[in-house]
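Heads up, the next two complexes both have subunit A, just with different partners, subunit B and then subunit C.
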Partner chain A sequence: MKIDDKIEAYKKKNNEPKPFIGVAILATILVFILSLSASEINIGFFEAFRIIYDHILGIEPTNYHDMIRDRIIVEQNIPRALGAICAGSVLAIGGAVLQNLIRNPLADPYTLGISSGALFGMVVAIVLGVSIIPFLDQMDGRIVNAFLFALIPTAIIVFLSTFKKVSPTMMILIGIAVMYIFNAFNTIIRYTTDDETISQIYQWTIGSVSGLSWGSIPKLTFALIMIYVSMYLIRNEIDIVAQGDHNAITLGINPNRLRIIALVIVSLATAIIVCYTGTIGFVGLVAPHIARRYFGSKCRLLIPGSAAIGALMVLISDYLIRIIAPNLPVGVVLALVCSPIFIVILVRMKKNVW
Partner chain B sequence: MDDEKFERMKAEYNSHVIRKIGFIILCIAFMVVMIAVSVNIGGYDLSFIEVYNTIINHIIGVVPEEYSKEWYDYQIVWNNRLPRILFAILSGVGLAVSGATMQSVMKNPLAEPYTTGVSAGACFGVAISMVIGVSILPSLNMGLEAFILALIPVCIIIIMSPKLNNSVATIILIGTALTYMFNAFSTLLLVTTDSETLAAIYKWQVGSFTNISWDRLTTIAIFVIIGTIVIEFLSHKLNIMTLGDNAAQSLGINVRRIRILCLLVMALMVACIVSYAGIIGFVGLICPHIIRLIIGSDNRFLIPAASAFGAAFLLFADSCAKWLSSLDMVPVGAICGLIGAPLFLFILMRNRREIW
Partner chain C sequence: MQINLLQKKTALNIGEKEAVELELKDLSFAYKEMNVLKDINLILNEPKLISIIGPNGVGKSTLIHCINKILSPTGGCVLVNGIDNRELSYKNLAKIMGYVPYTTVNTFPISVTDAVLMGRHPHSGRNITDQDLRIVFETLEMLEIDDLAERSLNELSAGQLQKVVLAKGIAQQPRVLLLDEPTSNLDIKHQVNVTKLLKTVSEEKKMMVIMICHDLNIAAKYSDSIIMMHDGEIFAVGSPSEVITPENITSVYGISCKIIDDFGRPHIILGDD
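What follows is the complex of A and B.
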């Protein structure tokens, strides 16, 4: 009887609504709506809605004034905001899942070496002008290069762990070792090129969502749906593996296989994001930690929570850039705005999640 | 337990210890050989005998005539090559020791000397002095500014640490957040500058051992040697701390105080190295792991072994860099990654020990 009561109490506690996720999602929608009108030229808040409404109804703008505004909102602001949401949530989900599976609070999607691999692909394309798949125009060639190279570290991790039982930490360390090799090549290539090219590469390293157009949105959305759905499907398994490999094996889960599957999915999704936005740091590490402080470490809440917080963080940073400083990269504002908040949250919360 | 079994275990333990000490001696021997080889590598062509003649002459006090060939040899060997070699050794010792300690203290294999934000602070200092041209104290060089700013993140962590719920994960996360924040400050400065300054700062970031003089070397040597000795003295306590904070406390160790002492010592060592050499990655993170794979995670042996191996490895990488191009075209950090990462993967795949 007593155990039944406990189960009831647990279920009740588990199923009680978590208002904070709702708050985060609402805030994301709010900032999304706000950011529609934010741009370098002055567009009124309601004017923006009228323009979108007109655009949906297919009413052609009659004068030059309206046409410019139509272009800015539809071709620039909306894809940019959507891209920010996708990038933020994919990175945050990836970080949350990796932190749980590797059992290390310092893990984020880039610890797998994805960013340096992508950077290497990009550097190869920019400096040497070589693209892996021929007959693409310059921009596409760079993106495809970055994507393919971004997957190499993960491929090496998977390859090595088929030969040998590799502990989760060792997987990450393999990723880091491969990252150092790529970084070394990057450094050598960058060292030998002219300053102009270096600053071009540097711009890409910082990461930004400002260059996104409608063409990239389907791929980014695909990445988001892929990672969200697959991680949500294996959420219970991730929770069990997070309790230790022995427990997982006892409960009939192969922890290494699960880890490999999750690694591959996370790196695919992150690689897609990195190709289009460059390396936006910080979200992948910090958003899951903020989410952990509010929802605990169980994936059922952690995955949607991190996704919402990650999206919110990138979106707010991008919004601030648009209204304050148009030339700043999003990663910088993200770190400036969110790291003090993060530190305050870490200090004030008494709950010990790690 | 019967005596015979006890004796056998004791003998086994002793043989383990001897093997570990043997490994440390091997690393030191490798380092000495590397010093001997590295003196002969450089842009200016000097024969083996000339190099050693110059060194011996200096030691026994023979002063060469000014502007003679011997005088030039003396300048190159004594004022260029030897400081560079010693600098590489000291940096290797400092970075590897701090890396090993950081991993032990933070109980996290991904921790490295820069986890507390030392590198980001130093980078910000260099960015300030190069972009704005302001220095905190006038008439001082860039190195000091980098040094002071490198210590700021650690100071913030230490000031905040009483409020931190006594959890190492929180300390690391705050360190990482501070790293991102200071990097963002640097980027704020860097996006506004021209590509020439950007390239100059990039070259500082990559790290190199050129441009070092004897008096700077003394400062670094004092910091690194004292720091290493302090940490080696603490290594017993670090071993106990790996049991967990509660166990360590009940064995009479003031966990928080030792953690802060370690953080402070590491920060001083690394800040000193970074402010002159730039941000040299890899050694601090991977070298301790290589040692852990070979001799295990006992801090008493890990720290001296890591220091000897780190020094030898960094010296080897720097010699390769010098040998590949005398014009400093190939940065030492890149060589570290190129040589060290495959080595690490190789050792990892050969090894059967579970270290983390």
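What follows is the complex of A and C.
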């Protein structure tokens, strides 16, 4: 084969559409549509469309029956599903990027202590009523707190790697240690506060998308767009660092600087998600691995692929909750439904992907 | 490792055909208490194939890491055309200096083509052109691994992987190419082929090729000059026949040997005791 043909073949292969991403996105849209009518009271599948159609046209519901359904679908189900999509994608992108940058298949916002840090920051804001930056409204105060505490594991890693050589495996171990410290603090706070606050905090520790309203959607969408765009812009650099720090340095990239930038952006996006949904584990770890199985480990496909699969995972789990067991937290169903699927995918893998 | 978030770096523009001069000035490096490199002074300014030889743990890899800024020397400096390499950004340095490491990380494997294409990053960044792809495929053909182009790195043998990493270094088209034991996993035929290829590259592309080599006979047969290291210092520098002598080998490696002449190149026959 001549070189020109090889160049064309490579470009063609690179640009050809990837059916699996399409499948994941289509499935997400399908589950989204299905989930519109899923709630504790019985709403017909087509009735849901009629109600949304009426709502868009501005037709006021004429009876109590329709009014309740209008309220449930428009005020609860739609933002809840949108929130699930944002949370799943953000955590999955965060996991995919951190795994590549730290070169460890166990890295994700949860195992690096970022989620726990954010949760602790928020608990501090709720229980003590303390926001580190004053003059913000309640939710912004919580987000800022969560972000600053989510930066603590990053700061420890950066601090140590300036004075000592910290290997990628050590970064994960530091993250896990920090996660345990924050979890311990969270437990201590729960023991020292009143019952009402405990139940308030409990929602966040188990992770749930059930309480999301339209008010949360702008910031959740912002988190998704921010992490997606910024990580996609540095995708080549991430791929190079994934092949080793020496490789990166001699190709003109400062690997530590790239890790810091990525950790700060992932921390901010995770902090926003945690403030609305609490800590949802598992999806950040597993969604990227499923994506790697189908798209390989290059960020150009891995980032959109992880985002689509992460969104689908959280959305399906939340859908199942709504039709089967309304009070279960989404994290439980995620683990119950997706773990077996993940194990099957791992076992059926033909070649070692990592 | 240093973290410089805001520091401005000096720019360095070296033309296509312009010679690069590396000067190591009182270069020292110490890990904690242990002095690995001791006051090394050396000037390299010709596009030749240069081999660094010496026993294990003598500081050969450390020397290379100080040159390409993976390590920061604890004393002295490395000057690239008169500019301290710490003044240059990684990006500027990557345009003129390539590196083929001894070990490769293989956590999340990618395809051979994509791995070699990374070598083009210092020049093209995000915008990969047809020209970059052409260089990649030409390099793959040159190293006779074009049949592996579509394979994933984790499916390759150690020798094939070593050639891929080498291809990345060559595709980077630097003015100085540093290699850490580029032939250690290759069979004798490929050792000879790769070393010959490095010699050709240095001549045709006017590239300074500096490699760490453990096979003294291969180093002696193909290198233009040899740097012999001993105990963190440079023991001898010069042409193969100047450096590879029975006395030097005995002092540095502690073994006895005979040297025979092979068309002007020394050839080592190991002694019995």
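We adopt the following convention: the second predicted complex is superposed on the first by the 270 of 354 C-alpha atoms of A that agree within 3 Å, B and C clash if a C-alpha of one lies under 4 Å from a C-alpha of the other, contacts with A are read in each partner's own complex, and residues count from 1 in each chain.
The rule we apply is simple: a contact is a pair of C-beta atoms (placed from the backbone, for glycine too) under 8 Å apart; a residue touches a chain by one contact, two chains touch by 3 or more.
All figures in this text were calculated on a predicted structure; none of them were measured in a lab.
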{"item": "Which superposed partner A:I181 touches (first subunit B, second subunit C, both, neither)", "value": "first"}
{"item": "Subunit A residues touched by each partner, larger count belonging to subunit B or subunit C", "value": "B"}
{"item": "Partner chain in contact with A:P105 - subunit B first, subunit C second, else both or neither", "value": "both"}
{"item": "Contacts of A:L220 with subunit B and subunit C, given as first, second, both or neither", "value": "neither"}
{"item": "Partner chain in contact with A:I290 - subunit B first, subunit C second, else both or neither", "value": "neither"}
{"item": "First, second, both or neither for A:G244, with subunit B first and subunit C second", "value": "second"}
{"item": "Subunit A residues contacted in one complex by subunit B, in the other by subunit C", "value": "104-105, 352, 354"}
{"item": "For the subunit A and subunit B complex, residues of the former touching the latter", "value": "104-107, 111, 160, 163-164, 167, 169-170, 172-174, 176-178, 180-181, 183-185, 187-188, 190-192, 195-196, 198-199, 202, 206, 281-282, 285-286, 289, 327-329, 331-336, 339-340, 342-343, 346-347, 350, 352, 354"}
{"item": "Subunit C-touching residues of subunit A, taken from the complex the two chains share", "value": "3, 6-7, 10-11, 99-100, 103-105, 158, 161-162, 165, 236, 239-240, 242-247, 249-254, 256-257, 260, 292, 296-298, 351-354"}
{"item": "Interface residues, subunit B side, partner subunit A - complex", "value": "108-111, 115, 160, 163-165, 167, 169-170, 172-174, 176-178, 180-181, 183-185, 187-188, 190-191, 195-196, 198-199, 202-203, 206, 281-282, 285-286, 289, 329-331, 333-338, 340-342, 344-345, 348-349, 354, 356"}
{"item": "Subunit C residues touching subunit A - in the complex, by the definition given at the top", "value": "1, 3-5, 68-70, 89-95, 97-99, 101, 104-105, 107-111, 113-115, 118-119, 121-122, 125-126, 130, 133-134, 137-138, 141, 146, 149, 152, 154-155, 172"}
